[in-house]
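One chain, chain A, links the two complexes that follow: it is found with chain B in the first and with chain C in the second.
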Partner chain A sequence: MLPLLVVAVTALQSGPAEAFALVWRPRVAELLRNTVSLVVLTGTLSAVLGVGAAWLVERTALPGAGLWRVAFVAPLAVPAFVNSFAWAALVPGFSGLGGAVLVTTLSYFPFVFLPVAALLRSTDPGLEEAARSLGLGPVRTFLRVGLAQLRPALLGGLLLVALHLLAEFGALEMLRFPTFTTAILDQYEVAFDSRSGSVLALVLMGLAVTVLTLEMLARGRTRHARVGAGSARRPTRARLGALTVPALLATGGLAVLAVGVPAWSIGTWLTRTGEAYEPVVLGPAVRSTLGLALVAALVTTVATFPAAWLLARRRSRFAVLVERVTYLASSLPGVVVALALIALAIGYARPLYQTAPVLVLAYAVLFVPRAMVTTRAAIAAVPPELGDAARALGDGPLRAFARVQLPLMLRGTMAGFALVFIAVSTELTATLLLAPTGTQTLATAFWSASSSLDYAAAAPYAAALVVLSAPLTWLLLRSGREEPAT
Partner chain B sequence: MIPRRTLLLATVAGAALGLSGCGSDSLEATGDLDDGKLTIYSAQHKNLTEAWGRAFQDETGIEVQVRYGNDSSMGAQIVQEGQASPADVFLTENSPAMTTVQNAGMLAEVAPATLERVEPRFVPSTKEWTGIAARSTVLVYNPSMISEDELPASIMDLADPRYAGQWSAAAGGADFQAIVSAILQVEGAEQTEAWLKALKSDAKVYQNNIATMKAVNEGQSAMGIIYHYYWYRDQALQKASSGNTALHYFRNEDPGAFVSVSGGGVLRSSAKQDQAQRFLAFVTSPAGQEILRTEDVKEYAVGTGDASDPALPTIASLQPPDIDPFTLEQQKVIDLMTQAGLL
Partner chain C sequence: MSDLRLSGISASHPRTPVLHDVDLAVPSGTTTAVLGPSGCGKTTLLRVVGGFMRPDAGEVRLGGDVVAGPGTWVPPERRGLGYVAQEGNLFPHLTVAANITYGLPRRERKDAARVGELLELVGLPGDHGSRRPDQLSGGQQQRVALARALARRPRVVLLDEPFSALDPELRVATRDAVASALAAERATVVLVTHDQAEALSFADQVAIMHEGRITQAGPPAEVYRAPSDRRSAVSLGEACFLAGRTGDGIVTCALGALPVPGTTGTREVELLIRPEQLHLGADGSGGCPARVVRTEFFGHDALVELRLETADGPVLRARTVGPATPAVGSRVAVTVEGRPHLIDR
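Moving on to the complex of A and B:
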């Protein structure tokens, strides 16, 4: 919550009149137009592609479903700014709204695909069959019944897409498409701690809250669970018949664009590293990336544990409030959190300014929810009675926890640890602002090479980033498979 | 079971903490600054700063550590840090950032012997910092897209509608903002505002000089405003980013012929005044200036009688406008660019 306050205070320091003048200008209108059209276009396209691909994979007899499932989650292993580098290095002059929508859609549609596919796989087809028997055709059935059932998954996916778009810096800066986040970093570059930057951050924060609210409103209070007893059946798969070839072409095309292009582009440039202007020094960048990611993941997981425990075991108003606040903070773009921490460090903790602890703190603020989700589930899965049993057998409360419950919770907690680790190792925006002098991570080293369009020097960093995030695909696929029925 | 896991986690964390502190063999400071070393805040290019720092260490035995940054943000950062700033010396690529620090009253006067070595045109009237190198504004163009006789006579002519969509610049960077400050001084606020409006509507904005030059080389833009040394450096290598391009100099004391002065200053708050002054003296000495010629830097030398790289046209032949580098204003430029919607 602190970031919110700090940014608001900095923004209003100059008095409401100046703040108003800074907000009410054509540049802000332009940024707003760009940001909103990007969110709307990419959101729509991601919804169409995500739902379409999920339906083809889960509900039709399309050959190779397992393969496609991997292919449509794999884009998440390529950070968006690496993806836009891949496209720009392949297609000269690739830029603007069109380019931005294409790249961000290809990077983010898996956020829709993943939950929708999981839901399609597990929902009872009974409702849809009822609609068919009442005279609706297959298309109208899908639109009126299927989509309505998918609503929570679709909205959740779209929320993620929108929040990522608001926070995206690297991909859009590279495609010369200015949004609030890129403009804030430009301002920072020019004036270090600029009021104008904080005012823009305030507007950006407003957008993030708007997106969150819209999602809550759209989710509504509809009931999505099955009514009545009886076990749910596995849904049947529609035969595609003559449509098999076009469907294969469509999924194949999407896979080529989303996975093939970045793989091919990075691969080609990897073979040309000899042409690099700046020498490529992977070693130190890999070391500092891994070091920061390990410490940040550890800190985040440990910090999350007590709150997750409270949420899973003693769900009080306070615990719920804590949860919501952390979600809100993490929906803030990295740039806002970073600016706030800079202001705090300079104002109140000067010795910490430009040191690793501040950066680690930023990572923790940004990525707590990722650890929260899995840790909470892990804690909830361990019956509290086990602890009671251990205590009845003579263990003290701490010992009972450490010997019996903690080991059982470790697996889920480790998954959270891994998620945070991957997120940190590919984080760019906050790292650019907060990294201690002399510390280059893979993401910032990649960034400095690619912003000079030194593609050959950027490629090894890009490849390393992809390798680091690859386990994410596996983790997500696994969790998608285990998702219980609604 | 648990002790082993705990041990593992502890090892991992320890290793991580240890690793994140590791550095390379450059002069760049990693993590905490070492109080014993002379601290340089450098917004100059890394290769140049390192070459100067190493040669200075070899000659004087004074150890040097460097923090790197960009002109504007580093200048503002020093002002923010105030009296507590760990910086002893500040090096910039352009003068406006130095002026920011000077106007905050944070610079000490440069030793007279140092200033006497430097050509008078590269010394500000306040004598609180000195020129250490210089760079010239140029227009890089792609002859297959625009012929030499179609090129604008003045940088101001780029605002002409006939060039709409054909030119580009790295408007977000401090380099370009220094050029704008020259335009502001030669042409006045009104003309500058109109020119920036044209830039906003007619030109493509790239991330930096190299990206601008590459865009011209690849035919995405016919002309781009950059500094000369990016082009000469690429020409000396494989010409991968400039092979299809040529340079156009505006000359005639046009604001587009602006020669930007890279500055060096000593912080008043520094406890190492003597060493810091020796560093500036070294950089402006014949040995320091020779590095500009020998290290593929391609920036101009500013010491009296010191030769620049032979590939470059002489500064006199550039016919730059007569501007006191001290009076170049950063804030006014940023305000104008903000108004024009560029920032």
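Moving on to the complex of A and C:
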């Protein structure tokens, strides 16, 4: 919540009139147009690609479903700014709205694919069969029943896509497509003008809240769960027949664009590392990235645990409030959080400005929800009766926790730790703003190399970032597979 | 092993009173079953004894020591109790052996002989120690849970519906194994259950619980034969009630004048007659004439619903052994065997 307040205060410091003047500029109108059209176009394309791919993989007899599943989650292992580098380095003059939409869609459609595929895999085909028996054809069945069932998953995925787009800096800056986030950073880096930056951040925050509200309204209160008893059956897969080849071409094409292009581009430039203008020194960047990610993941996980415990065990109003606030904070773009922390550090804790603790704090604010989801599930999965059993066997409350509950919760908590670790190690925006002078992470080192168009020097960092994020694919695939069981 | 004494226990969940002034004494080395429908407060009673819940009033004594009472509270880990819950609650991350030795001091945990002894005590093969809880059947898990509770030689063993999650066949086998293990340890046991057959067959003393109160406690045969009220009578098994009036050594009711030695004076009573007390003879063989309205066949025996052919014609239920079951519509002669129990009205 703090970032929200700080940004609002800074923005309004200059007085409402001046703030109004700063907002009401042709420049802001252009940024707004760019941001909104990017969100709408990429959102639509992601929905179409995500749902289409999920349906082909989960509900048809398409050969190689397991392989495609991996291929459509894998793009998440390539940070969007690395993906945009890969395209820009491959296709000269690649930029503007078209380029931005292409790159962000290919990077973010898995956010739609994952939940929709999980839902398609677990939902009972009974409802669709009922619709067919009531005289609806397959297409109308999908539109009237299937799509309605998919709504929560689709909306959740689109919400993630939209929030990521609002927060995206690296990919769009590289394609020279200005949005609020890139403008805020430019403002800050070029002019050190925190006031107009804050005003833009306020508008950006407004957009994020609008997106959240829209999603909530669209979700509504309709019931999507199964009504009635009876065990759910496995869905049947549609036979594709003559359509098999076109379907394979479509999935293959998408996989080539989303996974093949970045892999090939980074691979080619990797072989030309020798031509780099600047010498590539991976060592220090790897060390500082791993160090920061380790500390931030540890801090975030430990900080999340008590709140997750409260949420899982004693769901009070206070606990729910804490949860909502952390989600809101994390849906704020990294720039906003970073700017707020800069303002706080300069105003109240000068010595901390541009030090590692502030950076770690920013990471924690941004990534608490990722740890929250898994930690909470892990705590909820351990029945409280086991603690009673340990007490009856002679353990005090603390010993019972250490011997029984903690070991059982450890796996889920570790998954949360890993998610935060990966997110931190590929974070660019907040790191650029907050990293101590002289500290380079893989992301910032990649950024400085690629923004001076030294593609050969950027490639090794890009490859290292992809390697670091690769476990994410595995984690997401695993959690997707476990979902139907719960 | 020591005795357990509850006096005046009241307890409540937030805003809902659950237990009202409960008294119960469990003598050392005996088994008491608390019988009642779900929601009557029997699990709460066990949780109060176990130390997982504080009573609002009253006192819990274990072998003379007050463990819960005004100004006294001993946490569960220092009460020295064994607790086996409905789901067993084995620790899923530990092997069977590690589960069993969980409550022992560290140096005794490696004692393989002790694990073998305990497994044998509950009727499981010694090689099960290296297994994981999820590799065991439900009945085996319950036996391990009992072995785990007994490993510490607890003062009192608390069993919270430990057999109800098992299927019928396994339930009987597990119950027998548990009963003999407890008998071998000469344990003081409190079993909570909603199954009347389980309560009657398992325990030395049955306590009937209803809406947070214990309405009656005593030896199973005694409580079954002479329940204190209608509700207790029904909770222990099938029962028929007939209005009657006492006379000198007899009670007059729809079945005629039945001998009940020791009754004097005239008062209105209710007669409790268990279905197995009714004997059905051939029509005209003496006894009250009745017509068979309905039969329920169970295999080993059957329940026969009869309408007496007297003026107001009350409906009775008799238990017959399978092959002797009369056909629906046939006439029979009903006689009462044994002494009917009288409940004051």
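FYI, the second predicted complex is superposed on the first by the 483 of 486 C-alpha atoms of A that agree within 3 Å, B and C clash if a C-alpha of one lies under 4 Å from a C-alpha of the other, contacts with A are read in each partner's own complex, and residues count from 1 in each chain.
Methods note: a contact is a pair of C-beta atoms (placed from the backbone, for glycine too) under 8 Å apart; a residue touches a chain by one contact, two chains touch by 3 or more.
Model, not experiment: these values are computed from the prediction.
**Q** Under the stated touch criterion, which partner chain does A:P357 make contact with: chain B (first), chain C (second), both, or neither?
**A** A:P357: touches no partner chain.
**Q** With both complexes overlaid on chain A, does A:G394 touch chain B (first), chain C (second), both or neither?
**A** The second partner, chain C, only.
**Q** A:E385 in the overlay: touching chain B, chain C, both, or neither? Say first, second, both or neither.
**A** Second partner only, chain C.
**Q** Touch check for A:R25: first (chain B), second (chain C), both, or neither?
**A** A:R25 contacts chain B only, not chain C.
**Q** More chain A residues touched by chain B or by chain C?
**A** It is B that touches the greater number of chain A residues.
**Q** First (chain B), second (chain C), both or neither: which does A:L292 touch?
**A** A:L292: touches chain B, not chain C.
**Q** With both complexes overlaid on chain A, does A:P407 touch chain B (first), chain C (second), both or neither?
**A** both
**Q** Taking the contacts chain A makes with chain B in one complex and with chain C in the other, which residues are shared?
**A** Shared contact residues on chain A: 403, 407.
**Q** Over in the complex, which chain A residues touch chain B? Could you list them?
**A** 25-27, 30, 92-93, 173-174, 176, 183, 186-193, 196, 275, 277, 281, 284, 287-288, 290-292, 294-295, 298, 346, 350, 355-356, 402-403, 406-407, 410, 436-439, 451-454
**Q** For a test of understanding, state which residues of chain A touch chain C in their complex under the given definition.
**A** The touching residues are 383, 385-386, 388-397, 400, 403-404, 407-408.
**Q** Can you tell me which positions in chain C touch chain A when the two form their complex?
**A** 50-52, 75-78, 80-83, 85, 87, 89, 91-93, 102-103, 148-149, 152
**Q** Spell out the part of chain B that touches chain A in their complex, as residue ranges.
**A** 1-2, 5, 9, 12-13, 15-20, 22-24, 28-32, 67-70, 72-73, 75-77, 80, 84, 172-174, 177, 204-208, 210-211, 214-215, 218-220, 237-238, 240-241, 334, 338-339, 341-343
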